[in-house]
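Comments concern the structure below.
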Amino acid sequence: MTTRTVLIAAALAVAVALVGYEANRFWAYLIYAVAISSIGAMSLNLLIGFCGQITFAQGALIGVGAYTAGNLGNAGWGALSLLGAGLCGALASALIGLPALRLRGLYFAISTLAAQFIFSYLFKILQPLTNGVSGLVVKPLVLFGRPVASDQEYAVISIVLLFLSWLFLSRLAQTDVGRALLVIRESELVARGMGIDVSRTKMKAFLVSGFFAGLCGGLLAFTSRFANPEAFEIGLSVDQTAMIIVGGLGSLAGSVIGAVFVTLLPEAIQRLGELMPSADLVSAFREMAFGVLIILFLLLEPRGLVSLGQRLRSRWSGSKSNAGTAVTIPLRDRSRTFAMPAFNRRKV
Amino acid sequence: MTFALQLSIAGIATGSVYALIALGIVLIYKCSGVVNFAQGAYAMLGAYVTYALLRVGLPAFAAVLLGMVLMAGIGVLTERLALRVMLKAPIVSIMMVTLGLLIFLRAFCLAIWGPDQIAFPQIFPAGAIDVAGIYLTYNYIAAFVLATTLSIAFLCFYRFTSIGLMQRCAADNSRAALAIGIHVSNQVSIAWAASAALAGLGGVLLATLGGLSLGISDIGLIAFPVIVVGGLDSLIGALIAGFLLGMLEAFTEGMLTPGLEDILRRFTTIQSVGALQQVIPYALLVLMLLVRPQGIFGRSGTERV
Amino acid sequence: MTLAVRDLTIRFGGVTAVANMSLDVGAREIVGLIGPNGAGKTTFINCIAGVNRSVAGSAVWGGREILGLSPAALLRLGVARTFQSVVSLHDLTVLDVVKLGAAAHARRRSGFIAQFFGSERTFEDELCESLLKPLNLADVARSPIQTLSYGQRKSVDLARALAAEPQMLYLDEPVAGLTYQEGLNMGAVIRSVRDRFGCSVIMVEHKMDVVMATCDRITVMAHGSRIFEGTPAEVQTDQEVRRVYLGDA
């Protein structure tokens, strides 16, 4: 990350925040919806894309953030309730990440699936904290002693927090901790051999990721003024995962691009769908398009929109930028003609 | 006592169907290393397709059989069109493809058949027999007998026939299988076809027991923890896991839930424990994974530097 | 400092991969470890590098028992290793990997806060000068690993190990997979590394001409034990070694 990148991102954030502030309610809504999803997607990408820990519990963590912020906000904590949401998210994430110290890959993924279902269930039955299936009504966020009421203001707040989150995570990626995550993703054994404390590093990733997931949930609660269990089920985890896959695994910018895409797509289909006879059909159509798009993306553009952008850019600037880099040499070339188990034992 | 027996009967009957569906998940995993989250969606689609065939006027036997054949075709299609292209993809991408398929198939059925539960046509005789005060409906008996025979037949097929041998060989070591002249990719397709067909029948049986709805697809995700407990690569483990899940569900719903709610109402403001039967398997899984990560019947792998 | 391994035994279930293996390495000495495939060389190295567990034996480095220590603890004691084949750390650049190597050696590394807020320009220049230039990697310092040739990746792995300023370096097949010329260069690089950094080296290798030209002393392993030890010239003339290793010509 260079100073130039930071300046460009800051300029972009200011521009979008200004647009959000001046726009009508609908556009303001789109802007904060995308910004909030982006924070969640970046936090998920830290775990899956950077650290290689596949998790399906993102929806649950966002839920923890939402309920925490809702309760604290209602109790008059003001802006601190967002911090509380982040901290509780971090705590819950560490709890969910605990099995990752013993389990790898698929087995860990399934343990997070379990965590997701257990949390969804708890949201429904822990009446005193969540108000059960009827959902928790959340008062507006109180900032500087004044309740934030308009969607335009939420758009500005969300964009500012998105920028700060991005700045934090991209700086983190440039430290030894960030680099160690990438090694753990490739091979825990090699990471250990290189002297990296794998367990501690993983735990740090879970804590940081959980913090931003919680923050995302907190913002979600304040902007929608409501937190109900259905919003934080496995479907939210799938949406978030779709964002980072569509955008690009292991890329923070990709997370934002993916969030834009996945958030706007259903809106666009909804517009088209207003021609259809029934609401059920519209939502069915939307889901079908979503499913097909995930699959098509994975098949046709497996490295995400970010890599598509990079390729286009290098084509525009001609062969010049390619001259310095040699051809990629596949180390473990697996034949494409037959199916191999995806979990090959590696010999390093 | 009779109540417990009655619960066991229900648990065993649905459990035998779960076992059938779980078998497919394990088969696909063994053969192609893919964790198929869409297995429940296959079950759901199989039930809806069979329903459509029955409505067209096909006799029950033919409709079920044709439904299974169609599902086998869909299984092969999935494998050929999507998963074969993704051999080099990261695990998370492969998981997401099957999740995408689950979302798509659910929405597809929603678009065609709507969100409401449909009464499934009677394909087994109505009524029940009364054994010492325990009601055994013909539906339960038929589901149990069909699912169990098919599971056992499948296991025998896998164990004793030459195709089964090739399947096991391809699953054990695909490179070695290729080297001795087994067409591995065909074996993978066969595994997907068989899994989808078994799941389709499982879906039909679930529909005869509890009505036809999109909810049938949930079994794919609910069955997962129990399959992992049995060991993702163990067919026998999957069978036992299926029965375990059925029993667990029946007893949680019938005994644990009312008991727990009594206690909670007395001491807290919590009124209901909700669908406890859906999370108990997951709670069990978390405990299990921490104690024996490879499952009860699974093998542990080693990594080398 | 010296390393003394005594009667090391390692089993995997019923397989005894290493049986009563002993090895001595003096200060600034390059010891070659050779032997047929499956002799147990990698297992042996892994064990004294803290990856595998041993059943019996001892390994004393600079007066301290090191068996059972983690790789991280070993790195702090100045013991580093390279890997038999290079991991594909796709997105990391050469400098990233070398910095990770330096991170294992706390004295060379700034803290998290400093890294988070500061620029690492001067440290990068220093690494370039002291490590990447001698290993011919200065030109690709900011390229991702995936764009490098196999030979370059092996050099990166060596640079990473050296960044921890080791006094003992284990090299597992540093030349395997390289072209003939690259292999000879690597041999020369290893000797110059020893001279520059003053470290001892254990080098597992198959390519005999490189081993002969690089090592001060050679230990031959077969079936998990040492069957011979001597200078390169002695190894070449020994009948037993010829029989088990070079083929009974």
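To keep things simple, chains are lettered A, B and C as they appear, and every chain counts its residues starting from 1.
As a convention for this text, a contact is a pair of C-beta atoms (placed from the backbone, for glycine too) under 8 Å apart; a residue touches a chain by one contact, two chains touch by 3 or more.
Computed from a predicted model, the values in this text were never measured in an experiment.
Comparing chain pairs A-B and A-C by the number of C-beta pairs in contact, the larger count belongs to A-B. The innermost chain, defined by the distance from its C-alpha mean to the mean of all protein C-alpha atoms, is A.
Centre-to-centre, using mean CA coordinates, chain B is 50 Å away from chain C.
Centre-to-centre, using mean CA coordinates, chain A is 31 Å away from chain B. Centre-to-centre separation of chain A and chain C, using mean CA positions: 40 Å.
Annotation for chain C: residues touching 2 or more other chains are 51, 83-84.
Of all residues in chain A, those touching 2 or more other chains are 189-190, 193, 347-348, listed in ascending order.
Listed for chain B are residues 305, each touching two or more other chains. Against chain A, in their complex, chain B makes its touches with residues 31-35, 82-97, 99-108, 110-111, 114-115, 174-175, 178, 184-185, 188, 221, 224-225, 228, 232, 268-276, 278-279, 282-283, 285-286, 289-290, 293, 301-305.
Partner chain C is touched in their complex by these residues of chain A: 171-172, 174-177, 179-180, 182-183, 186-187, 189-190, 192-197, 250, 324-329, 331-332, 347-348. The touching residues of chain A, counted against chain B in their complex, run 48, 54, 99, 102-103, 105-107, 109-111, 113-115, 117-118, 121, 124-128, 133, 189-190, 193, 234, 238, 241-242, 245, 249, 280-281, 283-288, 290-295, 298-299, 302, 334, 336-343, 345-348.
The touching residues of chain C, when paired with chain A in their complex, are 49, 51, 70-72, 74-75, 81, 83-92, 96, 99-101, 103-104, 109, 112, 115-117, 143-144, 146-150, 160, 164.
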